[in-house]
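Provided herewith is a single structure, encoded as structure tokens, for subsequent inquiry.
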Amino acid sequence: MSRGRLEAFTDGVIAILITIMILELKVPHGTDWTALSGTVPVLLTYVLSFVYLGIYWSNHHHMLHMTDRVSGGVLWANLHLLFWLSLVPFATSWMGENHYAPVPTALYGAILLLCGFAYFILEKTIIAVQGAGSRLAEAVGSDTKSIFSVALYASAIPLAFLNQTIAHGIYVLVALMWLVPDRRIESRLRRQD
Amino acid sequence: MSRGRLEAFTDGVIAILITIMILELKVPHGTDWTALSGTVPVLLTYVLSFVYLGIYWSNHHHMLHMTDRVSGGVLWANLHLLFWLSLVPFATSWMGENHYAPVPTALYGAILLLCGFAYFILEKTIIAVQGAGSRLAEAVGSDTKSIFSVALYASAIPLAFLNQTIAHGIYVLVALMWLVPDRRIESRLRRQD
Amino acid sequence: MSRGRLEAFTDGVIAILITIMILELKVPHGTDWTALSGTVPVLLTYVLSFVYLGIYWSNHHHMLHMTDRVSGGVLWANLHLLFWLSLVPFATSWMGENHYAPVPTALYGAILLLCGFAYFILEKTIIAVQGAGSRLAEAVGSDTKSIFSVALYASAIPLAFLNQTIAHGIYVLVALMWLVPDRRIESRLRRQD
Amino acid sequence: MSRGRLEAFTDGVIAILITIMILELKVPHGTDWTALSGTVPVLLTYVLSFVYLGIYWSNHHHMLHMTDRVSGGVLWANLHLLFWLSLVPFATSWMGENHYAPVPTALYGAILLLCGFAYFILEKTIIAVQGAGSRLAEAVGSDTKSIFSVALYASAIPLAFLNQTIAHGIYVLVALMWLVPDRRIESRLRRQD
């Protein structure tokens, strides 16, 4: 089974999510700087989610690049990831409009946590299909970076009820940590050339 | 005629449907757990429709994989399927907001029934183009699973006026029945390797 | 220059137009048959536009299939077609909500007329790039069907001010006339095999 | 690393932006010519942004055509461009509704300026990956056209506070200047044949 349609479908869903999220930014009612500056905090939340969706797209791109075979299970693990990613705009809007409310801040972290888990499941499902000695299994290794991210999200959820700024800081930190695409895979690919 | 653009167009339409449906989930007005819990019943209906659209995409993927030739008739049978699938978000919103109302529950079943019929017509159109002894004709066989699904949808429509919970149960049951991608085709593909 | 991205971009735009148009169908406020039956006239207008967009996608698919070379001029002729197609949902909503108003009915015809012209320009631009003796030039011939459609749209615009039902009838008639994909190209392709 | 998914994702995002921007055109409340003529100034702003997004898509198409290798840095430079492009509909709506307000007119220019910069960064990133003597580096040359555009946008921003019509004129002028796809690349490609 080819990976072409899986990539095309995933690209389509992430392209729609990343674009429509920004399109939901409401046009201000006034026409002066005050009206525009009111959209800035909401815009910043959108930038964060844009970066997160970009990270998932970029890492998905790298992971699928090392995937030779796709099974029905991989299709569903991928749809499972897309489901949680599709809730990112919902969590973004809610937190964007209520920056200092604990429940929206915690929900944002919970959705990121579930996206992280779903990505992890997809990775394991793909590796299982490729077989133990596959290039992907080698490149990914023990995946401490993913485990560390999930631990950070998990810590941000209770912290959202104590101090929202710390929780926001953790979300920004994990995004920065992943902004660089998966060097392990890229360096491996370079070694093969 | 190549099947590439047919797949790309179908992927595009289903990706838009599955994504925008979730985006229609309205951000709650409050910022506490009560506000969030109000979205749960609507979310569950979206999950069901997400799974249905995922099933159609996955089965479409498998079916087209065994398709060698595409005709003008296949293009239109495919557009016909996409038309009914594009009404799924409409039926989902209406039922999601009115869980215990008979007409929305019956309409949801009717749209699923029409999607099922449209898929069946597409399958037969593709088989007719491939010729009688094609791999797809063999893999699909008498397709009792499709006929059984259609019978279940048809029974859910009148039941929606008696007991909505039974009708919802039938919708969940058929989804679970199809969640596994078409094993017949997958096992056939494996045998060929 | 390859035609791949031109097809992909066009598929993307038409897939979005055809899908979002249906998504704009508003969920009724009540939960009974009366509430549902109120959406039927709007739905019928959407079906007509769905068929028109399907016709354009299908004919575009056939035309590009006989295209070997793409130039910058073809890209812009294609974007010009996409611009007029992207106004179809606007005209559909306005006419769908005001079936018996002359201006919305005339505008619908005017947009169809402009889409028809834009398709004609794209066809001529592609033929000019392929060269006089190309397969596409031969297959298209004098294109009386397109000229006839444009004449029908042009007649529907003034008729919309006299009798909207006749204008609607013309829109349905032209759609039926084109519902069958371009047989000239398909039969030519078959002869080549 | 292949450029296929980068193109597909970019096509998806630009297709969504260009289409949804037009879909945001609100259906008039009345049904006469006055109601329709009220949408004309908003429509003209959409046409301008449609042309700008078309220019970016077309030039991106030409640039990627000469790109052999894609790196993680190119993925992110491309996402950075898509981010600013995704703010074009926001700036379009705000300026379209407030033609003679200085801040929306200036913001439109600022977003175009940032899109221009982002495209420039993407171009440089791609050239750096291809190596100094690449076909793209040669074809692009010193890129005076891009530098000139950026200078015009930069001049339109302060002018928006003095005379909005002049600022609008500059936006139209730059669009016309770019409407023709990158002849340098096209002529180079022709020479290679």
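Chains: A, B, C and D, in written order; residue numbering restarts at 1 for each.
Just so we're on the same page, a residue touches a chain if its C-beta (ideal position, glycine included) is under 8 Å from a C-beta of that chain, and two chains touch if they have at least 3 such contacts.
All of these numbers come straight from a predicted model, not from anything done at the bench.
Peer 1: Which is it for copies subunit C and subunit D: same residues on both faces, with over half shared, or different residues?
Peer 2: different
Peer 1: Based on mean C-alpha positions, I'd like to know which chain lies farthest from subunit A.
Peer 2: With centres defined by C-alpha atoms, farthest from subunit A sits C.
Peer 1: Using CA atom averages as chain centres, what separation in Å is found between subunit C and subunit D?
Peer 2: Going by mean C-alpha positions, subunit C sits 27 Å from subunit D.
Peer 1: Could you work out how far the Cα centre of subunit B sits from that of subunit D, in whole Å?
Peer 2: It comes to 38 Å between the two C-alpha centres.
Peer 1: Which positions in subunit B touch two or more other chains at once?
Peer 2: 8, 12, 16, 20
Peer 1: Report the residues of subunit A in contact with subunit B in the complex, numbered from low to high.
Peer 2: It is residues 1-2, 5, 8-9, 12-13, 16-17, 20, 71-72, 75-76, 79, 82-83, 86-87, 89-90, 93-94, 97-98, 101-104, 107 of subunit A that touch subunit B.
Peer 1: For subunit B, which residues are in contact with subunit A within the complex?
Peer 2: Answer in residue numbers: 7-8, 11-12, 14-16, 18-20, 22-23, 25, 27-28, 31-33, 35-36, 47, 50, 54, 57-58, 61-62, 65, 179-181, 183, 186, 189.
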